[in-house]
Amino acid sequence: MITITHYLVLSAILFTVGVTGVLIRRNAIIIFMCIELMLNAVNLSFVACAHYLNSMQGQLFVFFTMTVAAAEAAVGLAIIVAVFRNKETVNIDDINIMKW
Amino acid sequence: MLNLVSLILLFPLIGSAINGLAGKRLRKETVGYLACGAVGLSFFVSILVFCGLLLLPPEERLFEKRLFSWIESGSFRSLAALQVDPLSTLMILTVSGVGFLIHIYSIGYMHHDKGYHRYFCYLNLFTFSMLLLVLSNNFLLMFIGWEAVGLCSYLLIGFWFEKKSASDAAKKAFVVNRIGDFGFALGIMLIFLNFHSIDFTEIFSAASHGNFETGNFAITMITLLLFMGATGKSAQIPLYTWLPDAMEGPTPVSALIHAATMVTAGVYMIARCNVLYTLSPFTMTVVASIGAATALFAASIGLVQNDIKRVLAYSTISQLGYMFLACGVGAFTAGVFHLMTHAFFKALLFLGSGSVIHALSGEQDMRKMGGLKSHIPTTYKTFLIGTIAIAGIPPFAGFFSKDEILLEALIRGNFIYWSIGAIAALLTAFYMFRLLFITFHGESRVDHHVMEHIHESPKNMTLPLTTLAGLSFAGGFVGIPGASAINHFLSPVFGGHGHAEISGAETAEHHGAGLPYLMMVISTAIAIAGIFLAYQMYVKKPGLPKRLAERFRFIHKLLLNKYYVDEIYDAVFVNQIKKISTQILWKGVDVRVIDGSVNGIARLVGGIGNIFRLLQTGYIRNYAFYIVIGCIFIVVLAVFGR
Amino acid sequence: MTPASIMTFNILSILPILILSGFGMIVLFVDIFSSRRWREKNLLAYVSLLGVILAAIFARSSTGTTLFSFNETFTIDNYSLFFNFIFLLSTGLTILISHSYIRREEINHGEYYALILFSTIGMMLMAAGADLLNIYIGLEVMSVSIYILTGFKRSKLISNEASLKYFLLGAFATGFLLYGISLIYGSTGTINLKQVAGFIASKGGISDPVLLMGMGLIIVGLGFKVASVPFHTWVPDVYEGAPTAITAFMSVGPKAAGFAAFLRIFMTAFGSTHGEWQKIISILAILTMTTGNVIAIAQTNIKRMLAYSSIAHAGYLLIALVAANNIGVPGTLFYLLAYTFMNIGAFAIVIVLSRKGDECIQINDYAGLGFKHPFLAIAMTLFMLSMAGVPPMAGFVGKFYIFSAAIKSGYIGLAIIGVINSVISVYYYLRITVIMYMKEPAREFTPLTISPLIVAAIVISMVGTLHLGIFPSKVMEIAQQATLILK
Amino acid sequence: MPILSLITFLPVIGVFFILSMDSRRGELIRITTLLVSIVVFVLSLPLYFNFDPRGHEMQFVEKLPWIPSFGIHYHVGIDGISLFLILLTTFITPIAILASWHITKHLKEYMIAMLVLETGMIGVFISLDLFLFYVFWELMLIPMYLLIGIWGGPRRIYAAIKFFIYTMSGSVFMLLAIIALYFLNHRATGEYTFNLLEFYRLELSFAVQFWLFLAFAFAFAIKVPMFPFHTWLPDAHVEAPTAGSVILAGVLLKMGTYGFVRFCLPLFPAASHVFIPVVSWMAIVGIIYGALVSMVQDDLKKLVAYSSVSHLGFVMLGIFAFNIQGIEGGITQMINHGLSTGALFLVVGMLYERRHTRMIADFGGLTKRMPVFATLFLIVTLSSIGLPGLNGFVGEFLILLGAFKSRILYASIATSGIILAAVYMLWMFQRVMFHEIIHEENKTLKDINKREFAILLPLVLIIFWIGIYPNSFLRKMDASVNHLLKQAGGEVQTASHLQTQNVPVTPQIDIVSETETAW
Amino acid sequence: MSEYLFYIVAVITVTTAVYLIFEKNPVFGALYLIQTMVSLAVLYILLEAQFVAAVQIIVYAGAIMVLFLFVIMLLNLDIKEEARNPLPFQRIPAILMGIALFTVICIVIRSKLLQGKQDQYTTAYVQSIGNTKLIGNLLFTDYLLPFEITSILLFVAAIGAIMLAKRKL
């Protein structure tokens, strides 16, 4: 029997992998993809909870999350493009004029 | 007539105020006459008051004049009120009288000085302060006068402020006096704590009505503290050092300080508090011992000094020691009596020396004098009278008072007091005549330039001299043993104690009636011995002192340098305190420790800020890392932190 | 709730949002169709200001009522109205200070104003949302607009960088927030705040670790928005890189919105389990205040300094959240309002004094300003002292309320750390005045061209700062009324 | 007539006048400012004459709601204690303004700062609402800070910041304590108020008193300044312009001592009693330490500044004697210190204007060139020394008497301060005014002019007045001081039982009951 | 049956996710992510969320990831990350952090879940009406406001993309 815990653990694994990816990667686009991975993990958790709670709100939330993710993707990629235009790189380690 | 008493204070005050505020615009003569007139009027009123007091029966000779309430706070009350009784009357007569003469003398002496009006302003203020001191009816008001004379001495000693030595001396006088005042102030507070009042009459009546047993600790502390004040003002060991330095002021000022005002304040105060002092035998012993020690100590220094005024200064200290000795053995009348006679002849001597200095265009070193006898005869004659008086040759004033003190010291005290007193008397006679001989006799060692200008002083200077000479001669007769007018007069103040005759009569039974007369002879002999010795050394064999000095070089040097007391004080107190203040307190505690730690904290915060800002690396990955750490921290705390 | 449940809908409740979105579009249209000359004459600014004012008027008209719309997912009550007012105020002031700035920086596009208006909509949704979904969507609308605005000077690398940093970290933190929401949902079966509260009440407190973890993750997500340590790291960089007017906007609007959501969630949903989160928040508060203040001392760039100062202020506000009593919660509202005035005022002056390309934003550039431009200097002094908490300025009263709240609830240690921090903060706020008044100018001031709009913004800020400082009573009463709803 | 509000806010009205003036018309600005301050002074005189010395109640009370939701009122009034401090303020301010005649740099701003400062200072002394008090307390910080920082000497910035941060760090703790009192009062009476008079009625547990006393005392001790917190003072004084120093010494320092009298003693009597030894020893150390350090200074202003530390030590000693003599002496000494130290700073300022140096070594022999100045300087010096017959003595003596009554040891040690006072003051006077003139520059010095004379003369007259007839001051404060003593637990002896109580090592404060936490 | 499916899909999901974070080439990274998303869609179907699963494929895997790929291509980024790493110390701690976070989450979700109110949308009920219809119902009643607001969000995103990425304005 697959319980909610299974799904949640899977979601946790995905979330953690996403977080770790953000921490160790240097390519802005990949980092962004890792963030998308985190969002997906959250979505899984929502849907799973909704299923086991016999509730609809979770699925709705996922719908909105996806919409937001789409909007964010557009803006985020635009930002990355803008950075690339000026700096010719998407390596975030090269993007630190401002510090301290 | 007694109601006029406030005028005594008012005149000098007004004189001082006018001279101080407007003196610059007044003519010199006006300034002088104004000042003299003020003190003269004051003297005149004093006489009236004196007469008024005499008209009253002896028991009722106590009059209070309340002016206004000065400081009131809770149960504490200090009136501005004047008290007229025999003791204060005697004092105001002496002060205003001698002061008046000194004022007159000053007109001539200070004629050429630029600060003429300033001088007279101070002089009047000085007289005022001293009169206030003796007329006040409570301790706090007395303290005003007490400090005010200190201030005036400061102003006058430092009159020639451009001389560093003068201003140093002035400061020293004030500061040393302040040390005494410290004791005095504490004494007043202790009095208030024990008597709940600071009025003389209330305190003394409480004390004399047996509320305090003899030897009471509080009373002992009070009297000791008050005595501390007295040692400052009256230049006793260990606070005498300011007095010799005070010679930096104009000579009439020295006369004023030494004779009529200031230094006598201590004696007056102890006499005033005789009721308290008699309640504390321990203090009495202290007073007598210090008095005796000072008398001897100062006299020994006086032996070798070369500055004419300095010799006189040490002689003053020594004589004051006598007065304290008298008070210390309980012979207050004798002390006050000596105070009065001393005022006469010391004023005379100082004014005389002033006259000499005036004649020699400011020279004070005796080694550059000599043979002045013929050049300034009036000065010489009067000076001679003064010297004889202080040496204690009958029937001059000094004899009676000093003799009485020695007698009392023996009767009421012990042989040691007497012998110290006697030795001091011997030394006094010696050094005074040494002074006289070196200055007026022998060969002239005066500079040529100076010699040309030698002249006898003007009339207004010699007149006070002669008057004082007269007083020095005759002043002692008020206290002839056996028929002492002064004893009678002062008896209401000193009551059962301090009255020479009663106690004298008692002791006479023990020692036989002839004792007083025997003592007179002995003291005369001592004086004459001193004079003889001086004559031998300074007139007959002028080389002898030098040889002696070489022979006893150590002692001579010690005496010449005044036992190095000033140097010791400097080394032990003054320099150390300055050093500690600068190095440890200011640069150490203040700058290093406190400011250092405060600035250190500020720097620390700034430093932490500078270190922590480095965490802000600019790398997104770092930032994300912080977020994850924070997240784990929060989650752990939220879930497991309960 | 049946699927066919009748929708409760009140047009009045979303009128301000409608107006703002409408004006957002209008601005874009005007931008397209107006001539260059009109644009030069502030037309866009006026249009958007009109929108803000209209929105404010309609928001004002619904005070005192409590409207639940969309089946209680959205509430217009005094609380959200108060915040709406703060948002509209900050938006209005931002528009006033923006005009001359964006013209100078050559980014004078209609989109700029439209985005500001849209982000205001997001904030309003955050303050009014009665369930986590609304709050989340509001947060995203606000954030996405501001990500764009931050990078608006797209030819400037510094602006790109700020935008990228803000975006990546913001999305990252939102991930945590979402995860938190999902856990709360999983644990309680609802995303409605009232129902969460009901769930907790029915269990007699939180014992469920999942719920606690959800709560913790929400603290992370919102902590990021309000710039609480250790989620603050984006603040200095983004503030520095963003267009100054947007920095001003960012430092007040989203922060206020963050706190609005924070308060709404923690008072309504977790209000009864105060003990579970006060320890966390108080640690965050201490860290936030101290880090902000201490690092601010070491700054030389005024925008960066104000960024750290803004972190520190978030720390003070968190104290009030910890105290969570009838002084602290309205105190937070009051403080945010005061902070809006003083912070936008300060940034307005930074804008006035800076040159094209954000030059002259080093603190030392202000040397000698005091007597060269007395009005600006006095205004700046006023704002700085207000932020330092010196009476009779608004900042003082705000701090007073916050410390009162802390003491009232017994958090004396927190209050003490708070005041020590405010002493530390005095140092760097004073430094501005020191440099303005007591240092000789390093170079000649080139004459400034000051547009009347920005002067109006400064004057409004000054009046607001002083008025709230001297007569705080009225506003505080309103704030107290407003927060009653959270109980 | 709301006379207190009038004198408090008249300077602010003056500020608006000045704001409207052209900053180039210096003379007009100066005269306007002076006139405003003189009017304020004249208006403050009725306070003295109409003050009823029989009652201890607050007089001239005005009370208006200000922040009603918090129970904060605009509540002002005076008693015999604050009366004189207000008069001192209104008296010193015109003098300080007159002493700033030479200011040309940013004159307008300077005068505005002076007037705002006056409002702040008066406000502190009249406030009966603790919130209001705190507002004024901080308000006067700003203009003073600007005065030091803008018109000060070379290290002015350091000094100004130090001044501000020192004071601020003390006062924030006071703010917390005020808030705590507010809630304690609410718990006791159910009423939300910041009314000081209400707080007086509170009966606080010892532990609470202990901590609140500490918080208040910390703020005030910095302001006084008492010994280890004093180091801001020399810097502030040295760098401040003359008028700044005058006001700083004349009024601002009094706020610390006033605070002790007005707040610490009556609000926390038990704690105050327990702290007697601590405060007294701090005061005594301050007296001796200030004097010793003052002695070795070579900068005139620094010397006077350290002497303030010493003098204020006396005031604190008197206040903590807990008897009428001590406290009346303390209050008198506050005024005295304001007058004489203020005057000393004026004097130093006059020298500085002439020579542009304050180093003692640069002077010497000035009496010859400036006799009138010398006389006034001497009087002021003597007043500072505490010569009987001048004002300083009355205060010092009463303080010492009071201290002596309660603790003989303290008074005895403290009394030695009067010796040191004579040493450092006279030595300074000697080095500046006496000796021969060795510096060429000093040979051409001019004696003081009419304006300077007009500055010093009123001070000197009052110095004499207080010295000779102090009762005109003491009588007015009797009732208030007696009442204060009653509140503060009377003479120190009555407190002996407090010390035998078991004082917890770190008393716990309990302001909040658990039920209060949730809302 | 669904159990095995779950495990298979779960393994695929995790594997592709881990590949994503260690893949040097962003193009392959994107492809891995798409695979993850598709796997998730399978799980959604297992969870009877057909609508979400569809949207997951269409929007996420279809639209968003294509956008990613498009940008990667546009910027010509299919190159390896540079070897230079200015923060070499962060790698290990980051992975440790990830493990720690995972541990914490796992500990937490081992506790009793689903204590909340069971709603009415049981499988039977949902199937009787239809998943999509129910969602639509809710979207246009309770969640109308957020739904409308998302339109603003998307509008904003459009403006943003143009503002930031357009070569010339």
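By letter and in written order, the chains are A, B, C, D and E; residue numbering begins at 1 in each of them.
Just so it is clear, a contact is a pair of C-beta atoms (placed from the backbone, for glycine too) under 8 Å apart; a residue touches a chain by one contact, two chains touch by 3 or more.
What you are looking at is a predicted structure, and each value in this text was computed from that prediction instead of being measured.
Shared contact partners of chain B and chain D are C. Path length between chain D and chain E in the touching-chain graph (shortest route): 2.
Common neighbours of chain A and chain B (chains touching each): C, E.
Across every pairing of chains, the maximum count of C-beta contacts belongs to A-E.
The greatest centre-to-centre distance from chain B, using averaged C-alpha positions, is reached by E. Central chain (C-alpha centroid nearest the global protein C-alpha centroid): D.
Averaged C-alpha coordinates give centres for chain A and chain E that are 6 Å from one another.
Look at where the CA atoms of chain A average out and do the same for chain C: the two points lie 26 Å apart. Between chain A and chain D, the centres computed from C-alpha atoms are 64 Å apart. Taking each chain's centre as the average of its CA atoms, chain B and chain E sit 103 Å apart. The residues of chain B that reach two or more other chains are 602, 613, 616, 618-622, 624-625, 628-629, 631, 635, 639, listed in rising order.
Residue numbers of chain D whose C-beta contacts span two or more other chains: 165. Looking at chain A, residues 4, 8, 15, 18-19, 22-26, 31-32, 48-50, 53, 55, 57, 60, 64, 68, 71-72, 75, 78-80, 82, 92-93, 95-100 sit in touch with two or more other chains. All chain pairs that count as touching, in label order, are A-B, A-C, A-E, B-C, B-D, B-E, C-D, C-E.
Residues 104-105, 107-109, 111-119, 129, 134, 137-138, 140-146, 149-150, 152-153, 155-157, 159-160, 162-164, 169 of chain E are the ones that touch chain C when the two sit in their complex.
Here chain C touches chain E in the complex through residues 1, 3-5, 7, 9, 14, 17, 21, 24, 28, 69-71, 73-74, 109, 111, 114-115, 118, 121-122, 125, 133-134, 137-138, 140-141, 144-145, 147-148, 151-152, 154, 163, 183, 186-190, 195, 199, 203, 208-210, 212-213, going by the rule given at the top. Considering their complex, residues 619, 621-622, 625, 628-629, 631-632, 635-636, 639 of chain B touch chain E.
Partner chain B is touched in their complex by these residues of chain C: 164-165, 168-169, 172-173, 176, 209, 212-213, 215-217, 219-220, 223-224, 229-231, 233-234, 236-237, 276-277, 279-280, 283-284, 291, 294-299, 424, 427. The residues of chain B lying in touch with chain A in their complex are 613-614, 616-621, 624-625, 628.
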